[in-house]
Amino acid sequence: MKIEGKRSIWKDYQKEIATDRFFYVRSCVRQNFFPGSEKTFLRIMKDVLHKDVFENAAHTTCSGIGYHSDVVPFETAMTMVARQFSIMTESGYENFTTSCITSFGLYSEILETWHHFPEVEERVRQHLLNATGRTFLKPANLSHASDVFFKFRREIAENSTYRLVNRHTGQPLQVVEHIGCHYSKMFPSKGVGGAEYPYVLAGMIEDWGGEVIDYPERRHCCGFGFRQYLVQANRGYSLACSKKKFDSMAPYKPDFILTNCPGCPMFLDRWQYALSEMEGITYGANGLGIPVLTYEELAGMLLGYDPWDIGLQVHQVPVEPLLDKIGIPYDSRRKFLTMDGQLMGQPEPPSHLKFYQHE
Amino acid sequence: MAKNFGYKILPGESIDFDRNDKLIARYLVEHEPSINLCIGCGSCTATCSTGHFTDFNIRRMHTFILRGETKHIKKEIQKCMFCGKCQLVCPRGVNLRNVILTINRAIEHLG
Amino acid sequence: MNRQVAVIGAGITGMTAAGALSELGIDVILLEKEEHTGGHVKNWDRLFPSRRPAKEVLDFTGKSMATGVDIRCGSAVESIGHNKGIFTIRPVKGEPVNAMSVVLATGYDLFDARKKEEYGYGIYDNVITSAELETIFSEGKKLTTHQGTTPQRIGIIHCVGSRDEKVGNLYCSKVCCVTGVKQAIEIREMLPGCEVFSFYMDLRMYDRNFEELYFEAQQKWGVSFIRGRLSECAENPDHSLVLKTEDTLTGRPLKMTVDMMILLVGFVPSPETVRIARMLGLSSGPDGFLLPADEHFHDNTTTIPGLFLAGAVKGPACIVNSMADARATAMQVKSYLNGEMLK
C-alpha cells in the first residue's frame, strides 16, 4: 500500500465546507440507534469549536428513507426538501449541515437535479408555494456533519485528552473506516476524498493518532440498504453483506470500526450479535466483537467525555475493551443508569459474544 | 381428447427472435437509447449489490429484453435495489438506473 | 539556421521519417525533447507479434539516419510559427531553426492508470502497467511481486483508459490486446509455474499474425481468457490483490485473487502534440488526436502547406503502421519540396 497514491487522489477531491453558522438538521433514526451521537456533535461544536449551530423544531424528515425504500416518489421528496430549505432561509442561515448520510445524498441529488433541470426546480418551488405558502433560497454550502468534524479535526485533536494509541504497546490503533454509501458513491465530488478512497473519516483517524486499515471489502455496503433490511424476507441479504465485510476485515485485527452514517454503525454493531447467535462466529479477539463507533462518539471519547454520557452503553458490542486500550476511565456500575440515576434495564448476556470484564 | 403417445412435443429453447414480442424492447430503446451502447463487458453485474447474493444479472436481463425474452422480467426486475453502482462503472455511459425505471414503466404500460 | 525539413519528435515515427528524408537527399533536422532518441520503443523489450527485439528496429532506423540527419536531443519546441511558407521553430536550447517543411511526429503518451481510481494503480503495491512489465523484461530482471516473491497467478487487464467513457476515452487503443497476449506468453515463458488470466471485453486481433499469437497463447502457453471487464481491485493483507469482474459467459460475478495485476494502458495524445497543435492552430478530433486534411486522400498533410503529420499524433498506431506512415510522409514532403504536391 502506497499512501502517497491515496494522497494524490485526495488532492483531487477537496470540497468546500463552511466554517461557521451551521443550520443543523437531525436524522430520523439516529436518536434511536445511537442516542448520544447528535447531542455530542452539538456539545463539541459549541463547547470546543465555539460555532454557531442552529436547529429549528419545524424541521421534519427529508423523506430520504422513504425515497430509498421505494415508498416516497422523487417529486414528493423534492418538495419536502424544498420545505427544509425554506425553514433554513427563514431562520437566517445558509450553511446546511445534515446529520444523516442519506439526507446528505438526497440533498446533493436534488440540488444536482435542479442544477441540470432548472424547470424542475421551478415546478417544485410552485408546489411548495401552493401547499405551504413558503419560498426559499438554496444553501450556499451543503455539508455532512462528518465533513465539519473533518474540517476541524486538528482543533478537536488539540483539545483532546486521549489519542488513538494502545497505551500498553504505544502503537497506533488499527481502525476500519466505513463510509455510508450515500455520502459520495453517487456524487464523488461531493465527498471529501471522492468515492473510491474517501478521506473524511481516514483524515480524522490519522490526525487523532490511529492508522487506517484498507481491506478488500472496504467499499462494500454495510448491509442496511433500506429494502434489504426493511423487508424481512430480505434480511438474510443484509446479514450476508455485513458478514462479507467482517470476514474480510478480521485478518487485519481492527481495534474498532468508525462510521459516519446512521445505518452503518447500527448494522455493523447489531449483526455481530446476530452472527454470533446464528453461527457462533465472533470477530474480535478472544470471543469479543469489534466495537463500532460513530465519529461523534469517537471525538467525545477522545475529548474525555464520560463514555456513558455519549451513549456507549447502547452498543451491542461492548466498547470497554477499546476504552481500556486507550486508557479512558469509566465506571462500570454506572453503565446502565439513566441521567437521574435509575436503572435503565440491562441486556441479557449473549450466548457467544462476550460481555467484557474490566481488567 | 388428444392421444397420448407417451411423449410430448418439446418446447423450443432457442431464442426465436422473429416470434418474440419486442414491445418492451422497443419501448426501452425509444425511451432510454443509451441501452444500445452496451458492449456486454459485465462491469455492471460485477459491481451489482444484488447480483452478489441473488441470481439477478442486470446485463443478462436487459440483453434478454432486447431479444424479446420477457417471460421472467417482471419478477427479475424487482430484485434491483436501485443503488446505481452499475451506472457509475459503465464504460459506455449507459444510464442504467433509467433503464430499470423504463423497463418498469414498460411493464406497467404494455403488460 | 536554415534547413529544408524539421522533424519534431524522435520516436520511431520521427526517426523513420528523418532517415527516409535524408536518404532522399533532403537536408533534415530532428528535434527531440528528451536526452535520447527512440521514444516509447526504446522502453520496450520485444515487439508483437513476432517478438523481435525492439532494439533491432531502433538500430536499423538509427542507421538510416546516420548519414545526414542533424539530431538535436534535449531540444523541446518552445515556439513554432510560419510565415510565407517558412516555418520558424525556437527550441529551448540552441539557435532557432527555419525550415521549408515540418513533420510533426510528437506521438502519444500512455494513459495515466491512476485515473482509474478503482484499479488502485499507484496505491496497491502489486499493480503495474504493461510498460513497467516491459521494462522488467528489457532489463532482464526476474518478475517478482513487490514483496520479492515469485508470483503464482497474474491477472492482465485489457482496455485500461481505452473504450471507457468514464475517463473520456471512447476510442480503442488498438495495440493493447495483442500486447497483452504477447506479455501473457512472456510471463508463462519466464515463470512456467505462474497462471495467467486475461480479463477482456473484446479481443481485437486485427492484423496479420495476431490471431495466431492468440491461438498460441491458449494452445501452447495455457493462458486463460475471461470475458469480463475489471470493475474493481482491492488489496489483501499479504499484498495479493482481489479482482472483481463479471464472468460474462457464465453470467455470474467472479472474484479472484492474483499476486500481481498488469494494466494494459492505452494511448492518449502527448502533451507536446496538444501544445504544438495549439500553437499552429491545428484541429483535433473528439478523441484529442490531430486531424489530417483528409482521412483517405491527404492523410499526412494539414491545412497548413508544408506541415505534415506522421504516426500516432493521428491516433493509436502500432510500430509497423507508424513506420509505414513515416515513409509515406517522407515521400509527400519530397513532392512538396519539388513543388509537385500530390493532389
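By letter and in written order, the chains are A, B and C; residue numbering begins at 1 in each of them.
By our rule, contacts are C-beta pairs under 8 Å (C-beta built on N, C-alpha and C of every residue); 3 or more make two chains touch, one makes a residue touch a chain.
Keep in mind the model is a prediction, meaning the values are calculated, not measured.
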Touch-based graph of the chains, sorted into line, ring, star, complete or other: complete
Of A-B and A-C, whichever chain pair has more C-beta contact pairs: A-C
Whole-Å gap separating chain B and chain C, where each centre is the average of the chain's CA atoms: 39
Whole-Å gap separating chain A and chain B, where each centre is the average of the chain's CA atoms: 36
Computed distance of Cα centres, chain C from chain A, in Å: 46
Residues of chain A touching at least two other chains: 195
Of all residues in chain B, the ones touching two or more other chains: 52
Sequence positions of chain C contacting 2 or more other chains: 118, 232
Sites on chain A touched by chain B in the complex: 68, 70, 181, 185-186, 195, 221, 225-228, 237, 240-241, 244
Contacting residues of chain C [partner chain A, same complex]: 114, 117-118, 120-125, 232, 234-237, 239, 242
Partner chain B, residues of chain C touching it in the complex: 118, 159, 163-166, 201-202, 227-232, 244-248, 251-254
Of all residues in chain B, those that touch chain C in their complex: 39-48, 51-52, 57, 59-60, 89-93
List of chain B residues in touch with chain A within their complex: 49, 52-54, 81-85, 88
